[in-house]
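Here subunit A shows up in two complexes: once beside subunit B, once beside subunit C.
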Partner chain A sequence: MATEPLAPVRLNRAILTKRLVAKLDREAVVAGIGNTNWDLFGAGHRPENFYMLGSMGLACPIALGVALAQPERGVIALEGDGSILMSLGCLATIGKIAPRNLTIIVWDNGLYQITGKQPTATAGSTDIVAVAKAAGIPNAQWVRTEAHFDQLLSRRFADDGPLFLAAKIDDKPGPVQTPRDPALIRNRFMKGLGVGNAGALD
Partner chain B sequence: MTWSEAFLQVLKDNDVRLAAYVPDNVLTPLLTGITSDNYFRSVCATREDEAIGVVAGAWMGGLRSVVMMQTSGFALIANALASLTVPSQIPCVMVISERGTMGEFNVGQHLVARTMRPVLDTLGIAHHTLTDEATMPFIVDRSIKQAFMTQASVAFILSPLLTGGNPAGNAKLKSAG
Partner chain C sequence: MTATSDRDPQPWQDQLFDALKGAGIRQVGYVPDAGHSRLIARCKADPDIRDVVLTTEEEGIAMAAGAWLGGQRSALLMQSSGVGNCVNMLSLIRACRFPMLMLVTMRGEWEEFNPWQEPMGSIVDPVLKLCDTHVAKVETPDAVVPAVQNALQLAFGDDRAAAVLLSQKLIGRKVWVK
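Right after this comes the complex of A and B.
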C-alpha cells in the first residue's frame, strides 16, 4: 500500500512554536493542555493567545468557534497527539465546514508525555495526517524540517479550506508553565480579539 | 406559533446566531428551523463536548450561540463544563431534550437522565425545566439575558410536557397500552 512516509526527523515543539509566533500578526491561537500551551506561553505571551487548562481535546472545536465568530481573523489551533486522538470527530466537523481561516497544528511525539510517557497510537499504527485527510481536510501535511514548517506556514489561509500540519517532535517538556487563572486567560483573550468590554478596566 | 417557532424567536430576539448541536428526534423542529433560516449559522458536531467547545470559542469571539443535545449527550460534557466554561466564566446556553421520563422505553436513557440535574446543581449551573408554551418564552428570554449578563451558563430542559416527547417512544407506549 502506498502511503506517505512519516517525517524523517524529530523536531522540537518549543523551537517550532517560537518560529510560528514570530510569523503571527493579529491571529488568534488556541493551545491545548499541557506542554502545547506551556510552549506557546514560553514563546512570549500575546493578547490573542488562549491557553487551555483542561477540557482535553477541545482546542480545535474552540478554534472553530472563534473562526466562525471572526471570519476575517486567522485562527490557529495547537494540539498534542494525545489530545487530538481524544477528539478525532472534530476533524470531520471541520472538514465539513471547511473554514478557510483555520489552521490546525499537531505536535506529535507519540507519547502521553505528561502522564508518564505512555505511547499513543500515533507512535505506531496511526498516521494523524492521513486521518485528517480522510476526515475531509485535504490540505494536510507532515512538517519535515524547520524551514519546511516556515514554508508551509506562509501558505496558511491562502487556500479555500483549512490547513492541517503535523510535526513529529522529540520528548522535551515545556520549560515554563502558564499561570492557572482561567477567568483571567479568557478575559485577556477576549480583549485581544477586541470583544465586548473585556478591556474596560485597563 | 409552535413551541419550536416560539423558542427560535426568543433566540433571535437575543441575537443568538449560532447553534452547535448533536441531532435528536425531539429537537428536530428546532434544528430544521435553524438550518433552514439564514439568520443562523449551525455546526452539527460529532459529540456534545465538541459542541461546547465551539460555542465557547464563538462567545469569546463575540458571537452568541447555543448548544442543543439530548439528555444522554449531557452525560458527555461534564468535563467541558467543569474545566472550561464554568471556571472561565463563559456563558453556555444549553438546550437539552429530556429523555428518561414520562414513558421512557430505554433503561439506559432512564439512568443517564438521573445524572443530569445533580451534575448541573453540583456545578452551580442554573437550569429550568420547560413544561408549557405559555411560560416558556419568558423563562428562556430572561434566562438567556441573565446568562450573558452574568457570564454564567444556563440549561433549558425540554420536558415531554412541552415537546410531546420522543415519537419513537410514543409509538412504543401505544403498543404497550
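Right after this comes the complex of A and C.
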C-alpha cells in the first residue's frame, strides 16, 4: 500500500494546457475526448491540433501513427485518465515501438468528469505512471507543480522519447467546446502538417 | 488451387504483399493470425514498411487514422474475431472520412473446428457493412489481388473503409503451431 500521495499538488488542466501550447512550435497535438480537447482548443487553436469528438481511448494510437509518419516532428498525445484506462494496451504497443518523437500527457482527475464525476480507478488503486513504466515507457513521471511541468517540457519534442507525463488535476471543466465538424478538423490538421491535398481548394 | 493448411506458403500471399507495396503502404498494424503470417514476415523484412504489433484491433483503426493524418498510407491485418473489436472505433473512420484498408482472415466457416469462432465469424460481413465499410470476400487465389486493388482504390481514392475477407477455404485448414 502506498503511504505517500502519488503527487502532492492538484493542478489545473486549462492552465497546464496553456503552458504546454506556449512551448510549442510545429509539434502536432492529438487531444482526446471531452475536456482534454476543449482545453486544448481553449488555449488557442493551432493548425497542428487534432481534436477528438469520439473514439474514447484512441488519442495515443492516433498520435503513434502520426509520429511514425512524421519522424522529424514532435507529436504529443493528450488524454484523460478515463480514456487511457480504456486502452492501457496502447502503452505496451508504444513501449515496444519506442517512438523517440512521441510525448504522452495524461490529465488525471480520478473522475469520469462529464458523465457525473464518477470515480475512476486512478482515484485510488491505479498509479498510471507506474502502469506506463511497467508497460515499457521508462521515462514516465508525475508532474509536481506548474514550474516542474515547464521544466519537463523544456526539451526537443522530436527526440529523446517516448516521454510519459501525468498530472493530478482538479475537477474544473473546460470553459469552451471545440466545433463539432470532424472532417474539417481532419482537413485543417493535415493542412497544418503540410500533407495530403487539404489546402488544394483554398 | 487452395491451401491444405494455413501454414503452407501460397503464391497469393506474396502477390498480396506486392499489391500493398505497390500502392505505397508504409505502416502495417496487426494482431497476428496464422493466415497473415507470410504477409507479416514480408512487411517486417521491408525497410520501407513499419510493422506494428497491436494489443487490440482498435489500436489499428487509430493508427491508420494517424498514419493518414501524418501523410502515409497504412493497412490493418486481423482475424475475423477482431472485426467485432473495431465496431465503435470505425466511427472515427466514417466521421472524419479517413481511408481505412482492412485485410481480414476468416474463422468460423470452412473446416472450422472451434465453435467459439462461429458467432463472430458468421456476422463479419453484415457488421462491416453496417459500419459503412465496403466488403469483398475472396475464396480463390486468383481473386485476391483484384479484390485488394479494388479495396486500395476505394479506401485511398474515396476516403472510406474497405475490407477484404480472406476466406478460410482460401487460407487452408487451421493448424496450431507447436
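The rule we apply is simple: the second predicted complex is superposed on the first by the 191 of 202 C-alpha atoms of A that agree within 3 Å, B and C clash if a C-alpha of one lies under 4 Å from a C-alpha of the other, contacts with A are read in each partner's own complex, and residues count from 1 in each chain.
As a convention for this text, a residue touches a chain if its C-beta (ideal position, glycine included) is under 8 Å from a C-beta of that chain, and two chains touch if they have at least 3 such contacts.
If you're wondering where the values come from, they're calculated on a predicted model, not measured in any experiment.
**Q** After lining both complexes up on subunit A, report clash or fit for subunit B versus subunit C.
**A** Here subunit B and subunit C cannot both sit on subunit A without a clash.
**Q** Please indicate which partner A:153 is in contact with in the superposed arrangement: first for subunit B, second for subunit C, both, or neither.
**A** neither
**Q** Check whether A:16 is in contact with subunit B, with subunit C, with both or with neither, and answer first, second, both or neither.
**A** The answer is neither, since A:16 touches no partner chain.
**Q** Looking at the overlay, does A:78 come into contact with subunit B only (first), subunit C only (second), both, or neither?
**A** neither
**Q** Touch check for A:163: first (subunit B), second (subunit C), both, or neither?
**A** The answer is neither, since A:163 touches no partner chain.
**Q** Is A:30 in contact with subunit B, with subunit C, with both, or with neither (first, second, both, neither)?
**A** It touches subunit B and subunit C both.
**Q** Give one of first, second, both or neither to describe whether A:102 is in contact with subunit B, with subunit C, with both, or with none.
**A** Touch partners of A:102: none, neither subunit B nor subunit C.
**Q** Hey, what residues of subunit A end up touching subunit B and subunit C alike?
**A** In the superposed arrangement, which is not itself an observed complex, subunit A uses residues 28, 30, 50, 53-55, 57-58, 60-70, 87, 89-90, 92-93, 96-97, 182-183, 185-186, 189-190, 193-196 for both subunit B and subunit C.
**Q** So in the complex, the part of subunit A that touches subunit B is made up of which residues?
**A** 28, 30, 50, 52-58, 60-70, 73, 87, 89-90, 92-93, 96-97, 182-183, 185-186, 189-190, 193-196
**Q** Please give the residue numbers of subunit B that touch subunit A in the complex, ascending.
**A** Against subunit A, subunit B makes touches at 18, 20, 41, 43-47, 49-63, 65, 79-80, 82-84, 87-90.
**Q** Would you pull the subunit C residues touching subunit A in the complex into a rising list?
**A** By the definition above, subunit C touches subunit A via 26-27, 50, 52-56, 58-72, 74, 88-89, 91-92, 95-98.
**Q** Name, in rising order, each residue of subunit A that touches subunit C in their complex.
**A** Residues 28, 30, 50, 53-55, 57-58, 60-70, 87, 89-90, 92-93, 96-97, 182-183, 185-186, 189-190, 193-196.
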